[in-house]
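Naming follows writing order (A, B, C and D), and every chain is counted from residue 1.
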Amino acid sequence: MEQFRVVKSITLELAEAMLDQAVTKARELGVSVNIAIMDEAGNLKSFRRMDGAPLLSIGIAQRKAYSAAAFRIPTGDWYDLIKENPRLLHGIPHTPDLAIFGGGFPIKVEGEVIGAIGVSGASEEQDEEICRAALEVVKN
Amino acid sequence: MEQFRVVKSITLELAEAMLDQAVTKARELGVSVNIAIMDEAGNLKSFRRMDGAPLLSIGIAQRKAYSAAAFRIPTGDWYDLIKENPRLLHGIPHTPDLAIFGGGFPIKVEGEVIGAIGVSGASEEQDEEICRAALEVVKN
Amino acid sequence: MEQFRVVKSITLELAEAMLDQAVTKARELGVSVNIAIMDEAGNLKSFRRMDGAPLLSIGIAQRKAYSAAAFRIPTGDWYDLIKENPRLLHGIPHTPDLAIFGGGFPIKVEGEVIGAIGVSGASEEQDEEICRAALEVVKN
Amino acid sequence: MEQFRVVKSITLELAEAMLDQAVTKARELGVSVNIAIMDEAGNLKSFRRMDGAPLLSIGIAQRKAYSAAAFRIPTGDWYDLIKENPRLLHGIPHTPDLAIFGGGFPIKVEGEVIGAIGVSGASEEQDEEICRAALEVVKN
């Protein structure tokens, strides 16, 4: 019997390097955001709220990261998956802790999800741009 | 005076047989899902998360089973019941612990609900197919 | 930079074998209990409520398993750790989702925690005895 | 009429410098902890979970920081304030989000609280020692 499976989980070192990069990109864009990193199991690893970033985004950033860890897809992909089916369109967005708008991405190494990042506080496009800048830190 | 009424409640034995069948069907379909069985009173009886199944579906599977136990109808039937009435369409999906999309079914014996099953983690169609496979275990 | 660390996570196969053994032991003892297995990250993997087991124990069994996964020690060890310090004795037990009484154990393979088991519904001694019986299934 | 009062709120820059120092001290002590920094309003500013730190401490660290921000005293001071009054001793610890054991401290500049730090995952003494090391970063 296989007793366990091997899982890869993001280190604090990578999480912090990603947060550094995210903050740098946000400053370039002139916005203040919240950034959350979760491990592959959806537990909080690292978090930063930039000075002046919106308070509600403390939670939104975490839910975006959690959603991306929990379903292994970018949060911005959800709408296309549910838009044609009215049951899903009216039902799925009520799932607690699920964000279905852009700004959450899985963090992958060698094809495996090791964690996730969520950014909230600017426009959806800017939140996603900040995520992508942070993901460039990850070596594959 | 009638002092009590007799309620039929699913056994652990049937719940486990249904979970076995659900896991077998999920493997046939090549998907990893969460499966929850609740009794007729909406209390958790049995649960399995297949290796690699999405984390958010731990809760979704339980909410589907709870909804099916609580209203005695498949969760996928809700949309047709509310779609013509905008108050219901925009209000009902906010009900805590109610899932209005497919993948939750009551378990009936001799016309009576003895429990419910909820499956989450694959497409709505696959989640429902896995439920139906599990329901075939029930003898009527 | 180390980007990830390798973690071992319990399989559904081992979780189910442990639940089988737990139920067998509970029947030997003539008690009905709730049994929860979580993975090493504190996410629910598998659960069974025996026929007639107490309803509040649905949650207690899960909190015991969660606590054992989250702190890597048996839940029954907490009291000795806090009893001499009145701040801890009056404060720690209020931690949400922490159980400080017996019936939760980490599941270890090769010295690493791969998950945890929690049992609730009988006496503290019986809950622990059922856990230990289930842990015998684990090969080291 | 005074229309507003000026509030001093910790910057992300100081929060991160404190977290760096806290992680350095934890490594010296050979422990893995969770560290949370909140602003003076009790909103999360910055957070780190060291590799291998206990999961339940994700929440405990935040509750310690919140408690210290909310009442402007170290969390370890609570017990002496309530121990002589049985109503307080048995009542106060039930307050949601209040931690009454050591490991949470307000962050003060020029006599004013600008935020708070909470550490959880090691012994009470070590958690407090890590907080104090981080507080040395603050210039007064």
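Everything that follows uses one rule, which is that a contact is a pair of C-beta atoms (placed from the backbone, for glycine too) under 8 Å apart; a residue touches a chain by one contact, two chains touch by 3 or more.
Molecules present, by chain and UniProt name: A, B, C, D = Cobalamin adenosyltransferase.
Source: prediction; values computed, not measured.
Colleague: As a quick test, compute the distance in whole Å between the mean CA positions of chain B and chain C.
Modeller: Those two chain centres are 26 Å apart.
Colleague: In angstrom, rounded to a whole number, how far apart do the mean CA points of chain A and chain C lie?
Modeller: Each chain's C-alpha centroid was found; their separation is 30 Å.
Colleague: What parts of chain D, by residue number, touch at least two of the other chains?
Modeller: Where chain D meets two or more other chains at a single residue, that happens at 51, 55.
Colleague: Pick one for the touching-chains graph, please: line, ring, star, complete, other.
Modeller: Contact pattern: none of line, ring, star or complete.
Colleague: Dump the list of chain pairs that touch, please.
Modeller: A-B, A-C, A-D, B-C, C-D
Colleague: Which stretch or stretches of chain A touch chain D in the complex?
Modeller: 11-12, 15-16, 23, 43-51, 55, 58
Colleague: Mind pulling up the chain C residues that touch chain A in the complex?
Modeller: Those in contact with chain A are residues 1-11, 13-14, 17, 39-43, 109, 114, 138-139.
Colleague: So in the complex, the part of chain B that touches chain A is made up of which residues?
Modeller: 51, 54-57, 59-60, 76, 78-79, 83, 89, 93-94, 99-102, 124
Colleague: Under the definition above, what is the set of chain A residues touching chain B in their complex?
Modeller: 5, 41-42, 66-67, 69-72, 85-88, 90-92, 94-98
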